[in-house]
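First subunit A sits with subunit B, and in the next complex the same chain sits with subunit C.
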Partner chain A sequence: MADLTEEGVLQRVRDELEAIKVPGAENAELDTTWEELDVDSLDLVELIKALEDEYQIVISDDELKPVETVGDAVKLTLKLAGTTA
Partner chain B sequence: MRDVVVTGRGVVSPVGNEPDAFFDALAAGQSGIVPADDGGAAEAPASGFDPETWQTPRDVRKTDRYGQFAISAGLQAWHEAGLADAGVDPERVGIIFGTGIGGMTTIEATYGEFFEGGPREVSPHFITMMMSNAAAGLLAIQLGVYGPSWSVSSACATGAHAIGDALRMIQFGDADVAVAGSSEATLCGLPDAAFGRMGALSKEGVSRPFDERRDGFVMGEGAGALILEAEEHAVARGAEIIGRVVGFGASSDAFHMAQPDKTGRGAAAAMRNALRSAGAEPTDVAYINAHGTSTPFNDAIESRAIVEVFNGHAPAVSSTKGQIGHLLGAAGAVEAVATITALQRGVLPPTGGLEQPDPECEIDHVLEAREVPGAKLALSNSFGFGGQNASVAFAAK
Partner chain C sequence: MSALAEKQEAGVAVVTGGTRGIGAAIADALRADGWTVVTIGRTSGDVQADVGSPEDVARAVEEIHEKFGKVLVLVNNAGITRDGLALRMTDSDWGDVVDTNLSGAFGFTRGVMGDMLRARWGRIVNVSSIVATRAQAGQANYIASKAGLLGLTGALAKEIGKRGVTVNAITPGFIETDMTAELDTDKLVEFIPAGRVGKPEEVAAAVRFLCSAEAGYINGATLSVDGGMGA
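== the complex of A and B ==
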């Protein structure tokens, strides 16, 4: 499992965005929005599955609704994985 | 009805991924068929195809190989027609792009992931990758055009039906420009096994249409595309005219799902309907690009139908499948590119692999590239499983 810290999860998100070949993935920061990355709902399904697999969590559709930035996904992952760092 | 011209061509094939290189290879008798490995069947892959020439890596990942081929062929044709910067009204551009099967390699891979790992392993892009209208949708997005678009599917006759639909679209004024074509990418385990189990594939791994030793087809992959355009529209924008689409004929065998009607009735009807639609006589036809699959049934029955329809007149006949194998749903479109280019150049491509013509195939075989200056009219035949037949009539400009 990748580091369960804000920086660790952020890097995991960048890695997955890179795996699905999103341009600019390596420069994604916590305040980068999906819109800026041109990540659509189908891309997000792939990203969320990767986070669920990596951190052994389950992200519900309701929890996903307000997730609009990379930081939102990182914070949600940390919360569900039991860390509030 | 409006006259329809061809202003662009595109191709992805086992012998070239650009129309002139493709035709040069056909005329030179080059083969794209590679021998079997690991106990599989011989096949004709579109080797050298690089999807990233036409799409971003991100889009390539979300596009089945059949869609990647379609985008390449469609964009090649679009650029050759000079449409990239022609300022045509995007609402007057339509797309008819077919496939026999759809995203087969995606379907096969995803089934494996599904059975192994369950629903979570299924890609959210699966549906939009494998659906048979994906190619038409992808092209509309990539070209930014808003006219009518859909897919047609009639197995190995798909490409010819797509061109027929596009011809009607332009003739009836539903669009001024149409991207017409078809694509197939099925070189994977399941189709290989299934066609093999049917006895349709050549056990010897040789494609030799009309040869008395023929024993089945060799599967190939690729895509073909033509830009069809109302003549008045093409002339007004100063486009270079490559040739014309002057007729389209279709028919049903209503006989058997995989075997052609032994009398050749369906094949003959398609050719007759194409001639009627073109307002042409059999004696006008200089060349037939045959369906010629290299299966025992098709080639004998198609030959008989040609003899019957042409009744004493003997147009030159060749099958492109001797060199590139059978591209299934893409065959009609790729062979349309060969046919229109043959008329443009006044050169007929030969039937690869044909050395000992079957006495049951008594037609004028093109054994080596043949010059036919001034040839005016050609038919391109395609017959599909399900008994669906089509013949497209092309004319020199």
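== the complex of A and C ==
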């Protein structure tokens, strides 16, 4: 499992976005929005599935709805994995 | 290196029900095109699985990834029949057929589509049947499952087409296989403009084309291989 810190999960999200070929993934910061990254619903589902597998968590549709930025995804992952950043 | 050869270096082709009949012919055709083919069979094949069991499908997908790597071509061909009139059709006859023919295809697709999405290239071919659109009595389960495959094909084409992954269906007519061996061919032929039943290789040729680099703009389509029977 990757490093369970804010920086660790952020890097994991960047790596994952890069793997699904999102342009500019390596420069993503916590306040970067999906809109800015041009992440579509399919990209987001792929990212979430990868985070679920990596951190052995389950992210529900309700939890996913308010996730609009990279930071939202990082925080949610840390929360569900039982760590507060 | 050709565009297709690059893909063949990066991934394999999986054919469910690939050990007999149409599936075996499809596996041969894809091998002839340069693919490393992984066949899925209940008791034989490169990876063994009961396609009608979600647990088995999940385990098979894991085994494929471990032993053979990424999957860039998937042919959902596994199919069974449990014919009978609906009035007397048992839940298990209905369930077994739908589980194998339709749910199994969904399970394999879900399991391997991530490989294709990441590669920005993939080919999924669902082997449906002429009866999906031209129903006949005595096969409510089989026909519902095969019609379901056409719906699944369209839905997936819309979902993942933007990633260079195509999802198409073929609808074979009457083909010489174990499954049709008991049918009265002479009577059937009356309804087939070609005047004969088809060969597994003729279905395989259509699948091979849909899996080729050239077929990249064909998505969500249904290709009939039925000697004109459905025309």
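Basically, the second predicted complex is superposed on the first by the 85 of 85 C-alpha atoms of A that agree within 3 Å, B and C clash if a C-alpha of one lies under 4 Å from a C-alpha of the other, contacts with A are read in each partner's own complex, and residues count from 1 in each chain.
One rule holds for everything that comes next: a contact is a pair of C-beta atoms (placed from the backbone, for glycine too) under 8 Å apart; a residue touches a chain by one contact, two chains touch by 3 or more.
Here the structure is a predicted model, which means the values were calculated and not measured.
When the shared chain is aligned, no partner comes close enough to touch A:E35: not subunit B, not subunit C.
By the document's definition of touching, both partners, subunit B and subunit C, reach A:K49. Residue contacts after overlaying the shared chain place A:P23 against subunit B, while subunit C stays out of touching range. Taken together, the two complexes place residues 20-21, 42, 46, 49 of subunit A in contact with subunit B and also with subunit C.
Residues of subunit B that touch subunit A in their complex: 56-58, 60-61, 120, 123-125, 128. Within the complex, the subunit A residues that touch subunit C are 19-21, 40, 42, 46, 49. Taken in their complex, subunit A has these residues touching subunit B: 20-23, 42, 45-46, 49.
Taken in their complex, subunit C has these residues touching subunit A: 114, 117-118, 120, 159-160, 162-163.
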